[in-house]
Structure formats: C-alpha cells, structure tokens
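Some structures are shown below for you to check.
Here come two complexes built around subunit A, the first alongside subunit B, the second alongside subunit C.
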Partner chain A sequence: MMKLLNKRNIILILILLAVVFPFINQNQYYLHILTLAFIWTIAVYGLNLLAGFTGYLSLAHGGFFAIGAYGLGLLTVKGGLGFWLSFLLAPLITMAIGLVIGLFALRTKEHFFAIYTLCVGYIIYLVIDKWESLTEGVRGLIGIPAPEPIGPITFTTPIAQYYLTLVIFLLVVLIIYRIVHSLTGRTFIAIRNSEELALSLGISTKKNKLLSFVLSTFFAGLAGAMYAGFIRFIGPEIAYTTITFDLLTYMIVGGIGTLAGPIVGTFLILILSQNLQFLQDYRMLIFGPLLTLLIIFSPRGIVGFILLHYSNWKTKKRMTIPKDQVKEG
Partner chain B sequence: MPVLSIMGLTAKYGKYTSIKEVNIEVIKGEIVVLLGANGAGKSTTFKTISGLLKPAAGEIIFNDEQIGGKQPDKIVELGIVQCAEDRKLFPQMSVQQNLMMGAYVHRRNKGQIKQSLKEVNELFPILYDKREDAAGSLSGGQQQMLAIGRALMAKPKLMLLDEPSIGLAPLIVEQMFKSIEHINREGTTILLAEQNANAALSIADKGYVYENGKIVVHGSSAELFSNEEVRKAYIGA
Partner chain C sequence: MELLLQQLFNGLTIGSVYSLVALGLTLVYGILHIPNFAHGALYMVGGYITLMMMTNAGLHYVLAIVVSIIVVGLLSVLMERLVFHPLRDSPPIQDKVAAIGILLFLEALAQLLWGADYRQMPTPFGEVVNVFGLTLTLQRIIIVAAAIAVMIFLYWFLKKTFIGSTIIAMAQNREGAALVGINTNKVAILTFFIAGALAAIGASLTSPINLVFPGMGHLVILKAFVIIIIGGMGSIPGAILGGYILGFTESIGATYISSDYKDIIAFVLLIIILSAKPQGIFSKGGA
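On to the complex of A and B.
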C-alpha cells in the first residue's frame, strides 16, 4: 500500500485528477474557482521562494501581483499590444520594478523588512488607485482581451482557460522545484539559516537576496497577468493589502518553506471558503483561531506537520527493525 | 614571508571597543594560536579578518593585499576561510550538501570540488559514511569535523579555526588536533583560537595571548610554555 502511495505516484494521481476534472465536473462555477486557485498558487509560490526559502517576509506581494495584472491590462487595453506579447512583458515589468524596490528594501532585515515592504505594497495600491489618467482609478480597467488563439487552439471557453492555467501552473511548479533543488536554492536556504554563516562561506548574500526578491516578484507578476487575462476586469482592490495577507495565509496554512505547501494551503482555504460562504464574514471567526492554533502547534503548516511525522515514523521503523532481529537472534 | 600581517588593528561593536591595536604576523605554513579567555577578543579578530566586521583602525594585509573592510565573499575568494565557533552548520541539509556549500566559491569548477570532496572524506571518513544524514543529527565531534571539512572545501590558503575543541570530549579533542596538524602539513596555514592552551601550543609554531582585547604576551610555543604567567593562567600547572 505504501509503495503505491509514494511521492511520484501521488503527484501523478493529482495531475491526472486535475486533467480529468473538467470532464467529471459539469459545474462551471467550480471550474472557475479551480482556475483561480491555480493562479493564486503561482503567486504563493513566489512569496514562498522569498519568505519561506530565503527568510525575508515581503508584505508587498499583493502589490506586485497587481503590477503584473495592470501591466497586462494597460499594455493590451491602452498600449494596443497583442495578448501574448503583453503577457510576456507584464511579469518582466514587475521584475524590473521589483529589482528597484528590492535594492532599497533589502537594506533592512526581519521586522523592518516586513514593515518596509508593507508600506511599499500600500504605495503601489495608492498609485494604482489615484493615477486615474493611467489606471482609470476606482473605475477599473475594462475590456482586457482573452488570450489570443495559438494556431488551432483557442482560449475562449472556460475549459480551455482552465487547461491553459493548468499548463502554466505545472510549469511554474517544475521551475520552483528546480530552483529549490539547485545550488541557488540551497544558497537561499543558507541565507535563511544564517546570513553570517552564508557570508563566511563566500556567498554574496546581497546578490542572492536580490535574486530571490526579483524571482518572487516575477511569479507574482505572472500570476497577476494570468488573473487579468482570466477575469478580464481589474480594479485597484487587487493591489490592496488584503490580497497580500490572503497569500500569506495560504502559504502559512499550507507550509512555509515547503514545496507542496502553496498548493495545499491555497486549495484548502479556497475550497473551505466556498463551502463556508453561508457564514459570510463570520468565516473569519473560524479561520482566525484555526490559523493561530496552526502557528502555535505547527509553524511549518500542514505540509510541515506531515513531513515531520513522516520522518519520525520512518526513523522509528528503522530503529525497531534491528531490535526485533536482536530478540529473535 | 608573512601570509597575513595585522598591524594596529582596532575593532568596535558600536561604541564598545572590542580589540585594540592588535599586531599579528602569520608566516606561510605555520600554525599560530590565539589564546585568551572568553570575550578577550579572539573571535572579534577573526570576524574582522574574514570581513564580517569592519575594522575601526589598522591594517590587515593578506599576501600583499590590504583586505581590511572588504566584503566577506571577496575575502573567501582570496583564500581566507573562517570555520566559526559553535560549529554552525545547516542542520536540515545533508552532510554532503553542507560540504558542497563550503565549495561555493569554486562552484564553476566541478573537477576541483570532486577532488576536495575526496580529500575531506579521506580526512574524516565518518562524513562519508553519514553523507546522506541531516547535519543536525550528528554528534558534537562529527559536527566539528563537518564544520572543518566544509571550510576545507573552499581550498583555503589560510584557515581561521575558532575554538574547535570547545565542548568536546578529551579523546575527540586529541583527534581534532591531529586532524588540524594534518591539514596544516597538507599546505594550509592555520590561525587557531583556543582556550585549551596545552593542546593548542603543542601543535602551534607560535602564539599570541589576549587579555581584554589586547595582546599581552606573544612568542614561540616553547617560550609561551615556559612563560610563568601563561602557565598560571591557561595551562594550570
């Protein structure tokens, strides 16, 4: 049984489920929610790369998500560029802005970094909200085009959009996996562990922190652009700090600094929220205490909890086998 | 020819002066020991050499190059590697991954890394046996070996070893000093900070004695051994 449930098989089953989902589910609304969940997860992966693996908790992530969304929206609606070119440019623009902000933000550490980035996030919101001649302010950007067809493939139906999102999502997970398991990823983890130690091994912490920051804004911008292309209407509220804190909650519940955490957290909370809609805002009365308990008892979220107990169980198994042999012998 | 000359080095933590007008000279191939109680300034000297702390005054010359105040990663690239006190490791990474992090400055030279890994594994075979284990699961002595092994992966010309014997059982300490002697014979100059004066002086060429941030006595190991004050304070006989 355990052999069937190894890591690779679980991943394959999950991908298979995601692929067949539109066929077994006829409810358009669920398809919509799932597509959104994939998009949010991409943004959470960006946050997790910086906060989880590098140890720098950025609270400007919602702002960068919005920059990606508005990047795509403005380039298509006002710039008249094609969808795919804009889709390529939006995350790059987000990265460029991220680079400039990162240069300043990374002069701070820990709480100061969190507070600094919180302010940056709010400023991004204010710029989007008040710069009406560019962003249309509170009226929002209307008429963002759907993805243009690639050859014979069109993206007008919800199912097509679902698959497009799924493909990009899987690519992102693969890229994140490769980053985390590369020397660059271990360098980030080294910085999270101890910056002084990383420095004394010859790691330029400045360069690597900036790299992590910029990569994280790339994924935020990518998710934002996908969101804008999917919803096709955006307003300044997507830059508001509540988005940042939503992303943060998904990451913490799933498991900060783990690879599966962003998926688990985002899907779990989004599905739970849907099922608890009848409670309206009183949902938070359930989420709040749950989140507090989770942080107290499992700081590395659900995935961290499972990993810890799985490794304990494995060591126990390893320790007990020789004991039995000794008894028999 | 001195590999490292420190002249009039003063370093401060904020307003508090930690070391004052320290002069040290290390010749190529030597083992030089810094003796002194906790807080006497040994670790501060190390931090200033490795670039973690900017000097307030004085010069640090390494192979004819002024390195005082340079970025730590540049100093590692030049060939000075610090093996920090309290055996700082990356506890969640495996033993081998920890070693690989030590070779960070040679990350584009795969052949060299392979060679260094082989040398470290020969010096500390236990690290090879436990290569897949999490570094956090090692015993104190093994952690110290890993910390030294990781520093060796950078192929240092000068290695700064901060209290390698601290908190280890006497038998392990003896092994540790043998390993240090071996590393030195293989061509690495070593600057060693120790409280265990007896063991340290037995392998060192010369030593400097710190008191309250200043060097009060220095000389060859034999001189320090026979120095009345040093014996009383650090050797206890």
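On to the complex of A and C.
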C-alpha cells in the first residue's frame, strides 16, 4: 500500500484528476475557479522562489502581476499586436522592469527590502491608476482578445482555456522543480540560510539574488498575462497591495520555501473562500489570524507541518525497528 | 506668496500627523527591530474608536480621543504579547508576515463592524480664524498645537523620567539594559502602548479634515516607513524631522507639480534615498 502512495504516484494521480476534472464536473463555475487557481498558483511560485528560497520578501509582487496583465492588455488592445506575440512579450517586459528595479532594490536587505518593494508596488499601482491616457485609469482596460487558435485548436470554450492554463501551469511547476533542484536553486537556498556564508564560499550573491528576483517577476508577469487573457478585463485594483497580501497568504498558508506549498495554499484558500461565499469581503477575518498563527506555530505552513511530522514518524519507525529485532534475537 | 504660506501651513498640519505616526513606528523599531506593518491598522482603529465614541456614545471630541488612546494602546500591547513576543527569536521575515496578518485581520474586522463606507468625523473646532491674513480652520491649528505638545511631552518623558530612559536604554543595547536590571518585557509593553497611543492621537486629530474608512491607514503607514527610513530607523528626532520634511514636500508638490501624483512623492523620495544609501540616511551604523 505504501509503495503505491509514493511521491511520483501521488503527483500522477493529481495530474490525472486535473485532466479528467472537466468531464466529471459539469459546473462551469467550478471550472472558472479552478482555472483562476492555476493562474494564481503560478504567481505564488514566483513569490516563493524569491521569498521562500532566496529569503527576500518582496511586497511588490502584485505590482509585477499587474505589469504582466497590463502588458498583455495594452499590447493587444492599444498596440494591435496578436495575442500570442503579446503573451510572449508581456512576461519579458515584466522581467525587464524587474531587472531595473531589482538592481536597486537588492542593494537593500531584510526590512529595508520589504519596505522598498512595498513602495515600488505602490508606485506601480499609482502609475496605472493615474496614467489615464495609457491605462484608462479606474475605468479599466476592456476588450482584451481571447487567445487566437493555434492550427486546429481553438481557445474559445472554458474547457479549452482550462486545459491551456493547466498545460502552462504544469510547465511552470516543472521549471520551478528543475530550478530548485539545480545548482542555481541550491545557491538561492545558501543565500537564504546565510548570505555571509554564501559569499565566503565564493557565491556571487549579488548576481544570484538578481537572478532570483528577475525570475520571480517573470512568473508574476506570466500569471498576470494569463489572467488578462482569461478574464479579459483588467482594472488598476489588480496592482493594489491587496493582491500582494493575498499571494503572500497563499504562500504562507501552503508553506513558504516548499515546492508543494503554493499549490496547497492557493487551492485550499480559493476553494474555502468559494464555499464560504458569505465571507467574501470578510475572508481576512479568518485568513489574517491564520497567517499569524501559522507563522508562530508552523512557520513553513501546512506542507512544512506535514513534512516535519512525516519525517519524525519515519525516523521513529527506523528507531523502533532495531529494538524489535533485538528483542526477537 | 499667500498661496505659498497657506501651503506651508498645510504642510505643517500633514507633517504633524506623519510625525506622530512615525514616532510610534520608530520607537517599536528601536527596541524590537520589528517593522510593524500593523501600525497602520492601529491608526485606522484609532480613527474609528474616536468616531464611534462621538457618534454612538455621545462623548465630547477630547474625551473620545482619550478613550481611543487607551483602547488602541491596549490593542497594541495585546499584539506585542500575543504575536511579537513569541516571535522574538525567529528570522525577521516571520515578524513581517505576522504583522501583515494582523493588519489584514484588523481591516476586515473594521469593515465588518463599521462598514466599508467613508465617514466624516464632526469636530467642535470647526470655525474659521484669520491669522496674519491666512484663513485657517481651528481644527488645523489644534492638530499642529496638539501634535507639538505630544512630541514635547514624549521627549520629556523619554529624556527626563526614569521609566522613559529605560526605553532609550533598551533601544541602545538590549542585553546591556537587561544586565543592569531593566525588565525588557515591561519596556516592550510600555513602548507598544505608547506607539498605539500615538497612532490613535494622530488618526483622531486628522480625521475631521480627512475621512474615516477601513483603508485609511494604508498610505499613512507607508509614508511613516518612508519617514523613519529618511530619519534613521529608531531615531526619534529623525522621525519628527522626517515627518515635517515629507509634509512640506507633499503640500508644495501638490500645488506646484501635480495633485494627482502627490502621494507618489514620498515613495519616489524613498526609492532615491534607498538606491543611493541602502541603509537609509542618518542611520546609526547598520539596522
């Protein structure tokens, strides 16, 4: 039984579930929520790469998400470019802006970095909100086109969009997995654990921090572009700190610095808040204290909690086996 | 010339409130090295308590402020006991997240209890007075006068009283303070109470000329962070000076540059400062 429940099989089962979900479920609304959850998870992965694995808490993530969304929106609506070209360009633009901001932001550390990025996020929001001739301000950007068909595949139905999102989502998870388990990922973790030590080991912390920052903005921009292509209407409120704090909540609840954390946190909270519809405006009454309690009692979130107890259980088992053998012998 | 004078006085009013909020933030940072993101929520709660005491309980404005000071001060202490105290030895990222959790909770709570709409706070000091040819509302004069009085009192308290100097001692050196027999827990509680009280005073003073709503703390707290970075994290004169610098820059910027972008001034200022000097100006040798 335990053999069947190993890591690879669980992942395969989950993917299979995600693939057959539209056939089991006839409710369009759930499909919509699930598609959104995939998109948010991608943004959370970006945040997790920087905050969880590199140890730099960026509070400008909502802003970068909005840059990606507005990038796609403006290129298609005002620039007249095709969807896929814009979809490719939007995350790259976000990355370029992230590179410039990262160059300055990463000169600061810890609290200063958090405050700096919080201010950057606010500036992004204000610029989007006030620059009416470009972004239409509070009216928002309307009429973003749906993805154009690739060959015979069209993306007009919700099911097709669900699969498109799922494919990109799985790709992102794979890429994140590869990054975290590569030398670069180990370098990030080394920086998180001790920047001085990493530096003394000959790691260029500056270069690697910048790489982590730029990668994180890439995923934020990608998620933003997907959001704009899916919802097809965007307003300046997607750049507000609320979004950053939402993303942060998903990450902390799921488990900061873990691979499964962003998925667990995002899906759990989104599904919970759907079932607690009456809570919509007040959901933070529950999730705010949850965030604080988790950070006090289980700083690595739900996934961290499970991993800890799982490994405790495993070591306990290993410890007890020799004892039994001694008795028998 | 008259416009400039008028704007300078506006700057003085805004700056007074900024200084009060920044003072609380810098005191807490000074002794515990926590950037308290929930401070803006305390500010918001302070505004609401005063408003509710006036409209529902029918108290006088000044009495309502006193109630607000006590309630917010105790709330701030509760926060320290329940959240920051257990987290005192954990990595800095956790304090920040915990503070954000409190912020989100208090905002949602305010929205649940008092609704999301913008509310006006009445003031008994509504009349208009003429001073040196400037038309000023009495409320604005009271803001400036009260804020300066509070700051002078705080300065006296910290410098001249025994209890006050324990706060300074702990800010200078935590272990050293503990060694000479200062109860660091008591000092932390006291500091959080003062910080909450300052936030309540700031919010209650400014609410009659602004509005009371659940998100009223967002911009103020961000600007307070800008101020304490400009003035040096943990520095008390720095927070006061920084508050007034920002107040003047904003009111003059709003008149002569663009009122749409007046809120951006603070952040651009901060970005420039931190880009040039990552530890902030006037920093006392590292954070």
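We take it that the second predicted complex is superposed on the first by the 326 of 329 C-alpha atoms of A that agree within 3 Å, B and C clash if a C-alpha of one lies under 4 Å from a C-alpha of the other, contacts with A are read in each partner's own complex, and residues count from 1 in each chain.
By definition in this document, a residue touches a chain if its C-beta (ideal position, glycine included) is under 8 Å from a C-beta of that chain, and two chains touch if they have at least 3 such contacts.
Remember, predicted model here, so these are calculated numbers, not experimental data.
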Partners on subunit A (subunit B, subunit C) - clash or fit: fit
Of subunit B and subunit C, the chain that contacts the larger number of subunit A residues: C
Subunit B versus subunit C as contact partner of A:T241, first or second or both or neither: second
Touched partner set for A:E196, first subunit B, second subunit C, both or neither: first
Subunit B versus subunit C as contact partner of A:L183, first or second or both or neither: first
Angle at subunit A between subunit B and subunit C, C-alpha centres, nearest 10 degrees: 80
First (subunit B), second (subunit C), both or neither touched by A:A114: second
Partner chain in contact with A:L57 - subunit B first, subunit C second, else both or neither: second
Which superposed partner A:S273 touches (first subunit B, second subunit C, both, neither): neither
First, second, both or neither for A:S204, with subunit B first and subunit C second: first
After fitting on chain A: smallest Cα gap, subunit B-subunit C, Å: 6
Residues of subunit A at both interfaces, subunit B in one complex, subunit C in the other: none
Residue numbers on subunit A that touch subunit B, as the complex places them: 183, 186-187, 189-190, 193-194, 196-197, 199-204
Touching residues (chain side subunit B, partner subunit A) in the complex: 50-52, 71-73, 76-77, 81-82, 84, 88, 90-93, 97, 100-102, 104-105, 107, 150, 154
Sites on subunit A touched by subunit C in the complex: 51, 55, 57, 104, 107-112, 114-116, 118-120, 122-123, 126-127, 130, 241, 245, 248-249, 252, 256, 281-285, 287-293, 295-296, 299
Touch list for subunit C against partner subunit A, complex: 33, 35, 83, 86-87, 90, 92-94, 96-98, 100-109, 111-112, 116, 218, 222, 225-226, 229, 233, 260-261, 263-264, 266-268, 270-271, 274-275, 278-280, 287
